[in-house]
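Structure in structure tokens, see below.
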Amino acid sequence: MTGAHRLGGVTRLDGGLIAGGACVLALLLATPLFGSALIVDKLTLLMIYVLLAVSWNLLAGFAGLVSVGHQTFIGLSGYFVLRLVETGLPPFAALLLGAVAVLLVAWPLSWIVLRLRAAEFAVAMWVIAETVRSVVMFDPLVQGETGRSLVTLNAMDAELRRTAIFLAAVIAAALGLVVSHRLLRGRLGGESQAIRDDEEAAASIGVDTMRVKRVIFLISAVGCAVAGSLWLASAITYQPRTAFGINWSVFMLFMVLVGGLGSFAGPIIGALVLFALQELFGDFGAWYLAGVRVVAILFALYAPRGVVGLLADRFGTEPLSMRKTLIKGAR
Amino acid sequence: MTMIPIDSIQTADPVSAPRQDARVAIPHAPPALLADHLVKRYGSLKALDSVSFQASEGEAVGVVGPNGAGKTTLFGALAGTFPVNSGSIQFRGTEITGMSAQERNMMGIARTYQVPRPFRGMTIFENVLVALRAGGGAEGAVAVEQAAELLERTGLLPLANTPAGAVGLLDLKRLEVARALATRPQVILLDEIGGGLTEAELVKLIALIRGLSEAGLTIVWIEHILHALLKVVTRLVCMAEGRVLAEGDPQEVMADPAVRSAYFGADAE
Amino acid sequence: MADAILQALVQGVLLGGYYAIIAVGLSFMVGVVRFINLAHGDMAVLGAFLVVTLTQALGLPVILSIAIMLPVMAVLGWVMHAVLFERAMRGGFLLPILVTIGLGAALQNGMFGIWGSNTRSLGADIGQLSWASWSVPGGLLVGQLPVLICVCAVLVIGALHLMLRSSKLGRAIKATATDPEAAELCGVDARRAQRAASAIAVSLAALAGVFLAMRGQITPYAGPAQLIFAFEAVVIGGLGSIWGTLIGGIILGISQSLGGLVSNQASLLTGHLVFLVVLMVRLMRTSSAEHGGWRASLRGWRRTRSARDMKGKPA
Amino acid sequence: MTLFAVEDLTCRHGLLTAVQGLSITLNRGEVLCIIGANGAGKTTFMRALAGVHRNTDGRILLDGTDITGLHAFERTRRGIAMSPEGRRLFYDLSVRENLLIASENARPGPWDLPRVLDTFPQLRPIIDLAAGNLSGGQRQAVAIGRALLSNPDVLLLDEVSLGLSPAAVEGVYHSLAALKAEGDIAMIVVEQDLNRALDFADTILCMAEGRTELQGAPDAFSRAQITDAYFGIHDKETAHG
Amino acid sequence: TTDETIRIGWIGPRSGPLGIFGEADAWLAETVTAKHAGGLQIGDRSYAVEIVMVDTQSDPVRASQETRNLINGQAPDIIISSSTPETTNPVADACEASGVPSITTIAPWEAFYFGRGGKPGEKSFKWTYHFSFGAGDFAPLYADGWSKIDTNRKVGMLVPNDADGNAIRAGLIPALEAQGFEIFDAGPYENMSADFSNQINYFKQNDVDIINTFPFPPDFPVFWRQAAQLGLAQELKIMQMAKAGLFAAEMEALGSLGYGLCTGAYWHRDFPTTSPATGLKSAELASGFEETIGKQWTQQAGAQAAFLDVTLAALTASGNPKDKAAVAVALDTLTTETAVGTVDFANGPMPGIATTPLVNCQWVKAAEGPYEFDLEITANALAPDVPISADLKPYKIGG
């Protein structure tokens, strides 16, 4: 039978999408050459959204763990960056190191919270975000509620800084997508989905459930942390209540839910939708925010597989599906 | 025995007579699986009430008993799905009582679920592939090839790329077997995998399991379809109310009055 | 110092009364109905806004406003269950979390759209009650409103307990929660029972919201903070136990006020930490019970050597 | 007039058809026993009758009215009560509460708590115990009592004697026989004990793989025919009475 | 007949929890635009004035984002922003980063300057300017205000852990001690606390006559009701708020406990000033607000008008409002009259900072009129031009 079967290759649609994605990436990297500052700034935000959505989706969509406390890592990385800059580190080094330092907190945390399930996990994460915020606010550097600005970044030329942060955001988002793609196509992806579908059965076929969950948890934490430090770099102002705000979770939830929980393309679509909604209706203030939530509820109840699910139903195949197909015939 | 004419079951056998070539355990080798005085409580209920059980290397053991006897619970305890309240379990002489389900699988114990528990979000192929990679330690093209082979053997190949959530119960039961086998076990615990199969399908199933047994796999099989069970197993354990009622040669166990009243529900007059 | 501790304990207990009442509806939903409503805090705030509006815009007496608001919120809870929760409950544990967190955020912004940003309070509408106090022997002063809230909490919890224990509806709700199908077989309309449970929980939340508005202020965004307190009280008190909610609330209140004694900044933090510790201890206790004792369970917490290394499988 | 009629009932679990085209009729005072191997579809059939399994085709008529579209609780209130497989007591509630729930939501009728306690006197001493702590026989008594408190016209009993000691089985059948003698209630009983079934039933229905294998008066079939059908050893010559 | 348009970006909270600060904005923007419909004469050119309004929704994240969008999308010549460090700091940061001049106000200047990492003495920010009262202004204000009645000069401080609070703790407490007050600081606490009994006991034990607090506004009623419950309010002579108690709405929410509370004010309808940008006198600003908005006047009416005064003055002083550097240079030394008095950047405490005066006020039960509370001016040491309208009365529950 050797050589009689193999994994299905990339479909033509997906090939097109990947090629298109590569073009978009190239285009993005070149944007600072021709795009206005406005465009660059907006795209930076979009990239941060993509990174957040991808990170959160890893945990919720593939490991079945809904966290409403991932703002912990967003806020914490900002704080670490501030602290590191205060010690005299150059800001860009601090941005990178701050995000990585989040692992120091996420790793021990994972030992505890990953033993919790479902709602207990969700709520415990939220309380942890609040707890970490309280602790961070003890540091006189952040001045309690008020927070602090990353003023050292202002020393840099505005144009250069904007470009650098934008490129960093594009690379981070692209890296996030590539890493999650590799992971999900690999052994870990299958195992995490198995855990999501049935943790007990997954253990019974030899999946080290704790390890898999921990790896995914840490990756999603680092993803959020990188997004957090990019956010700080572009906003410059750090405020604990905002950085640790539940709103981050609501946004991540919205993007992933609307795009398609547990799909690869979903978070990207979700980020685009949120971005578009914000551009179009952001001026309606609270009613816009309420509307965004209502849309999320409607999706949760009536299209739980999101836009990607709708597309899949319409066209028969899911775009950029993580599904592995078995094909007859040697390569 | 008023209600179950064993002879008639045997004559209805579509494959062959019961196996006579039972593999005899090597005298001093430790049993593949040894459970000693297992107790499992659910609140006030003792689902396992001091159950001792053993399966020698390469042996095929059948487990029968009325509903709620504790058969599935025994499987859970052996596979490490949940910890027992007391008692100990050994695998080839190694103490495994405190080990997790995953570690036991890694050592070579695989189980199927009576109520199938597929990974519904994944295809049949992916279900098997994840088991091959996680428990079976296979990688790359080899894993794919082995998955295809397992699917072939369990008759699931045509459904390979169908989501597991979308196939019927019988196919899910086959998937249970394929997925357990994918972890390359030395002991496989089969829980009512024959229920609901047609005669023709039963024939295939029996052939599959006998093949496994002949390849040296230790098999423990819970089944209510006796005639199928008896074509594979060389020893029978009957449980009732969390205890082992009788064990030994299948014919003798079936004839045991306690078994007849507890399991077959008929008054042993 | 002893004086300060005594005072802190008394205040903690009184504060706990409020936490108990904000938590009891949530406890009822989570523990008895087995539905997690992350919009609980926002429903509390919504109830409070209704009373504020009835009282301040229409000039009704507070008591009358509450009497009008409670059934309105009950109907809202009923409808909410019929339209949202029922559907969400069928989708496993994920959907209720997603739906109710979305609902909460939608409520917050909707309330903001309607009532705007001003902080509102019922303190002025209840006159002296909002600050009057009794002095008790030992030089302690205890506020009348906190005592009233405490008494209310005990009454509500007692009533809920009685309702669950010996009313037709209570039995129907409990039965439905354990086994909706068996309940239907007994002639219970399971959906109605669950909707009624939601109606009760939502109106209890709203009542708590009114107390919040009496003892402090409310804004459309005040809900999530209340939800956290409520959740902490429920978990500390033990899921599924209605009286436990009272104990949980009081423990939370006392932790916060004792924590405040150490450092004012540590007050809320202490509450969070007590919650996390209780959660962890309970987790370890369950796993130790399952594994037959603490030692065995600790062994389980330590990751054993990889079984694959130990034994090795045939390649 | 026929009290209870089922026409061509088919039930599915997802893609699996668990019951295929079953039809029965029943009058007051009549008892139908359903027998069949594990997984034959008996429970699914009973659940469909009671209205808790809703993925069905076919019609169910009570007193000539089509009740197919009704919810389980509505059927209970119209006179179909079931003691389900596994008893399904409310384990954290007391025996009294278990019984009260049924009587509170029942239509008016002859059955009330005292009468149930007279019928099952063994429940008196344990009335305030949590149902989860009862023995198998006690549980079964509570489950049947609970069903009776709904004052049914049609009583569905799934696995009446399963897990009961012979004495307990004797007791239950004694009560059921008395009920049958009163002639007000029609009963459908799933029974694994063939002798019991043959003794107690006016009609037996033997199922295998969701289909009717045998249907008719108990004495219309030979023992061999029944046992063959019972174990799903499907033989076209001997099946169908 | 205008040659060019000056575009002013005005970013402020108009919805969300801080929305009350922005109530007057739209009306003031209209008034100013209408007044300059014929063009603003700068040098020899006349410019049309366009004010672009942006709502932060009280969200610092959105404030930062919208500022960048505004800068990139609409090329404003200047950006102005006000009300709380949570608004001004992110906006100023974004402006500084993009090289657009900005003026901000209504946030203690220390919270603005040090909160953003400014260093004392040196010119830390190139593009961002701020005028407001400062923590240092409170000591003379209070020393004057509290001396109007007889007290034991023991002061309890209730100050949270935030930028305002830290600035106060560092600056005000020593200054008050220097003025001969005995200070009892209950220590920093986290906002949104539900229980203040520890602090109240501390104050009671030390028998304070005066309490001074700078709370997050929603915390104050919780504290104050508890203070009444625990008998502290009954023993006090002066309850001095800052940050909280700026608006009548807050007092209304307190009911009878609100009569007699003291608060500093950065503007009042009795200020003897005129706003050049709107052309309205203080009393006119207040009544205009009440007519247009339909609510009781707030300090924001005048403060925001002053804000526009400074903005137009800076643009005018630059000589060329389209030249960002020129605007910034003009701001370095700008001195101008506004609705809140003289704003003088040349002699500010830090480069780019100007201070404005405060008066001390007491909320009293309104004698007449449609509103429940009136704000009486009781002390004016920092703004001697402003007339005192009432004597300070010792606090008594119910007024």
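The chains carry the letters A, B, C, D and E, assigned in the order they are written, with residues numbered from 1 in each.
Heads up, the rule we're going with is that a residue touches a chain if its C-beta (ideal position, glycine included) is under 8 Å from a C-beta of that chain, and two chains touch if they have at least 3 such contacts.
A quick map from chain label to UniProt name: A, C = Branched-chain amino acid ABC transporter permease; B, D = ABC transporter ATP-binding protein.
This is a predicted model, so every value here is computed, not measured.
Hopping across touching chains, the smallest step count from chain B to chain D is 1. Chains that touch both chain C and chain E are the following: A.
Chain centres were defined as the mean of their Cα atoms; on that basis the chain farthest from chain D turns out to be E. Put simply, the chain nearest the middle, going by average C-alpha positions, is C. A straight line joining the Cα centres of chain D and chain E is 78 Å long. With centres defined as mean CA coordinates, chain C is found 31 Å away from chain A. Between the Cα centres of chain B and chain C there is a gap of 46 Å.
One finds 39 Å separating the Cα centroids of chain A and chain E.
Residues of chain D found to touch two or more other chains are absent. The set of chain A residues that touch two or more partner chains comprises 134, 137-138, 285-286, 289. Within chain B, contacts with two or more other chains are made by residues 100, 102, 106, 136.
Interface of chain E with chain C (complex): residues 15-20, 58, 161, 186-190, 192-195, 197-199, 201, 217-218, 221-222, 224-226, 228-231, 233, 249-250, 252-258, 397.
By the touch criterion stated above, chain C contacts chain D in their complex at residues 168, 171-172, 174-175, 178-179, 181-190. Taken in their complex, chain D has these residues touching chain C: 50-52, 71-73, 76-77, 81-82, 84, 88-93, 97, 100-102, 104-106, 146-147, 150. For chain A in complex with chain E, the touching residues are 36-39, 41-42, 45, 134, 137-138, 140, 143-154, 158, 161, 234-237, 239, 242, 245, 247, 283, 285-286, 289. Those residues of chain A that touch chain C in the complex are listed here as 60, 64, 66, 68, 112, 115-116, 118-120, 122-124, 126-128, 130-131, 134-135, 137-138, 210, 246, 249-250, 253-254, 257, 285-294, 296-297, 300-301, 304.
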